[in-house]
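Working notes for the structure below.
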């Protein structure tokens, strides 16, 4: 491969770049579906009062554990059925997304902000600051993560604020590591040295010159962490240590339905499915985004596609013969 | 020619394409070559001319996104390409046909001992026992000039210098006494002093084992010293293929002449280095005619169509419309032995 | 090697000190064990009596010294819930978690090697796309939900496996599968991507030119070069499991391991048992990680650890 050089290969023209990207996204059906699903989930959560057919907390003793509409005994009033208190599952799933997405966003912001600051500091200052910060990062990685979270929540008492703080404390290190490594790489560049010689203040150099280089890796990391936090929040809520009733969350709904799994699977299935679809969609789209923003990965993806097409053509030819 | 033994290796009009996002890059555009037993063929040309791709095609190393689009490669008259040639290709690779790469620093498995890397070829192809393989490995290591072979055998590649690793690569390549050794710029990544040693070693082995060598290089001095015959490549095509004396004494192709003129000489210290003007062709959209035409000082209108391979001597060909008029023009200043 | 070992032991010692301090701060300063252990309706006299019995009325520094002493000697006092030494309970349930980890993560480790390697042989091929899709889905499913769905399918509908608890090997199937899924996905993706990288390296070309067989190239040449990142992730998966991430699976299947016991300790207001589990687990993790580092040094002699 290295032996051939492609001279005069144009890079994509700036004009209509956005449309070209959209066209490229359309080529990847899975990523497109992911993006659409993410948009649907986010919009449904934001406009939950408008979208949800029922009040998620409204109980209906007569319509307890009604199955989804396509099953016998189900009705279109409760499209996805009702839980053990007769609450509408579809509405609960729509409202449940609010808690999950909000908590995940808050944790990513807090942990990401804190981790980025410390990573910038460690990478830019170097020396003693760097070694102290990185020691803390290393030490925290060696701690028994979830058990400590359990310990803290049991000591402080569960709740949404506790959850956000605890998850942020448990997850900021990765941002610090990534940011530090990027900063260390960028620091050596000539233009940073030039800025230093020109007498730019450290703060200015950090925010104006170094931060832009962090946007792409931080975005990718934040999206990945977002899905991790959704799963972590769901797990803690499932264990009864996260979101507390009467508030709703997908994890909590699965927990409250688990005792009825023998008679009403839908109470457990749909909130869990909502988590799975959300996380999967985000991952699919993020994956595509990561590859697309990396020219080398992009070329590899193209080559793989080409090789696959050629192979399929050859196989088709062989089976036809 | 009918009835005579087929050449050891023959390339017939081989085309290799690389599918990239920017389009299909044509790595080789109809390369025809032969190598006879015991012969040293020099394959020269600048970066991107297709030398290494030729070697990869011979060794069966062309992988996606690259593919051999057309043409054939024959070993002893039988094809080694496609599903039919697969069995033959597998039976000769590493045994009768071997290769030494450009960069010895990365060519050896970093986590396997040198001994294991030599011995596995022997056990695989010659079916010898472990003990026999080890004895033979010691012989080979000694033969390529590495001292204390028994101790060295149990060391890992990172304990060896670049030149020593290239010696190990050569030992692996000649382990099964092959008939053809493809050496892809075997000295480019090495120090100058080590380069000469490695070339001497290759020459000595070539003579002692009477194997055919295909030496890929961009160093014309090396070619003049070691090769019997030279093929000059440009833009994925063979420009000229002739015995080494002819290439240096009466080069027929304007590109060959340019290449020779661009080689620095020791006896002209103060002269500015000469270079061929212009850029190599774009492999995505190569010119339909002679690839060298845009840079050629003696281009004709005829050069817009692809020149055929014209016989320029008893065993020489050149792909140029203009060989007749340029036949004796400039005598070469590189001496051949 | 000795110097390296001493260095790692020193580091591990520091982590242990940090954990002990953190646990002390969380339980004694942030929270209050008296509040945790006693019901809201308890009178002040009852609270004072409880504090006196458990030494919680002493000055905070004295409490800390006692606490460190307990941690060092692995004597954490009695569990309030079961009225017997916390350590006895710990040693009783530790094997259960280890069995689960070994079956789940161990299975994932073995399976991921094969799946990852075969997917890497033809990147973009049918098997590769199937493996990557399954891995992506596997990482997106919440573990507790997978567990419940397995229970629904195999225990409720098919009636082939027991729903929960611990007994014969049949009881292990679903918890181990559930625990394995995300690890399997992560490990497979790592094996796949590092194998693809490795197969593009020059020494693999050398091996091909040498005429080595595909299986020799995959398992003899490339595999040993991905072993260090692979074993690093394997070690991380096991550590992660030990660090309490079996809690979810153990809770779903009522598997009487450390995680389940920790949850019980929380629900039954038993701060002392929870402390004992947290600190002992950190000890185990530290020792385990030192062992891993030694192993890596043996596998790849080029690794230099300061």
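Think of it as A, B and C in the order they're written, each chain with its own count starting at 1.
Simple rule for what comes next: contacts are C-beta pairs under 8 Å (C-beta built on N, C-alpha and C of every residue); 3 or more make two chains touch, one makes a residue touch a chain.
These figures come from a predicted structure and were not determined experimentally.
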item	value
Chain pair, B-C or A-C, that carries the greater number of C-beta contacts	A-C
Chain whose mean Cα position lies farthest from subunit A	B
Centroid distance [mean C-alpha coordinates] between subunit B and subunit A, Å	51
Separation of mean Cα positions, subunit C and subunit B [Å, integer]	54
Centroid distance [mean C-alpha coordinates] between subunit C and subunit A, Å	23
Where subunit C touches two or more other chains, by residue	none
Multi-chain contact residues (two or more partners), subunit A	304, 307
Multi-partner residues of subunit B (each touching 2 or more other chains)	none
Interface residues, subunit A side, partner subunit C - complex	139, 142-156, 227, 231, 234-235, 238-241, 251, 254-255, 258, 261-262, 265, 268-269, 272-273, 275-276, 279-280, 283-284, 287, 304-305, 307-308, 311
Subunit C contact footprint on subunit B (complex, rising order)	59-61, 90, 92-95, 98-99, 101, 103, 106-112, 120-121, 124-125, 156, 158, 169, 172
Touching residues (chain side subunit C, partner subunit B) in the complex	201-203, 205-213, 216, 220-221, 224-225, 300-302
Residue numbers on subunit C that touch subunit A, as the complex places them	14-15, 18-19, 22-23, 26-27, 30-32, 36, 123-125, 136-137, 139-145, 148-149, 151-152, 156, 240, 242-245, 247-248, 251-252, 262-263, 266-267, 271, 274-275, 277-278, 281-282, 285-286, 289
Complex contact set, residues of subunit A against subunit B	1-10, 298-299, 302-304, 306-307, 310
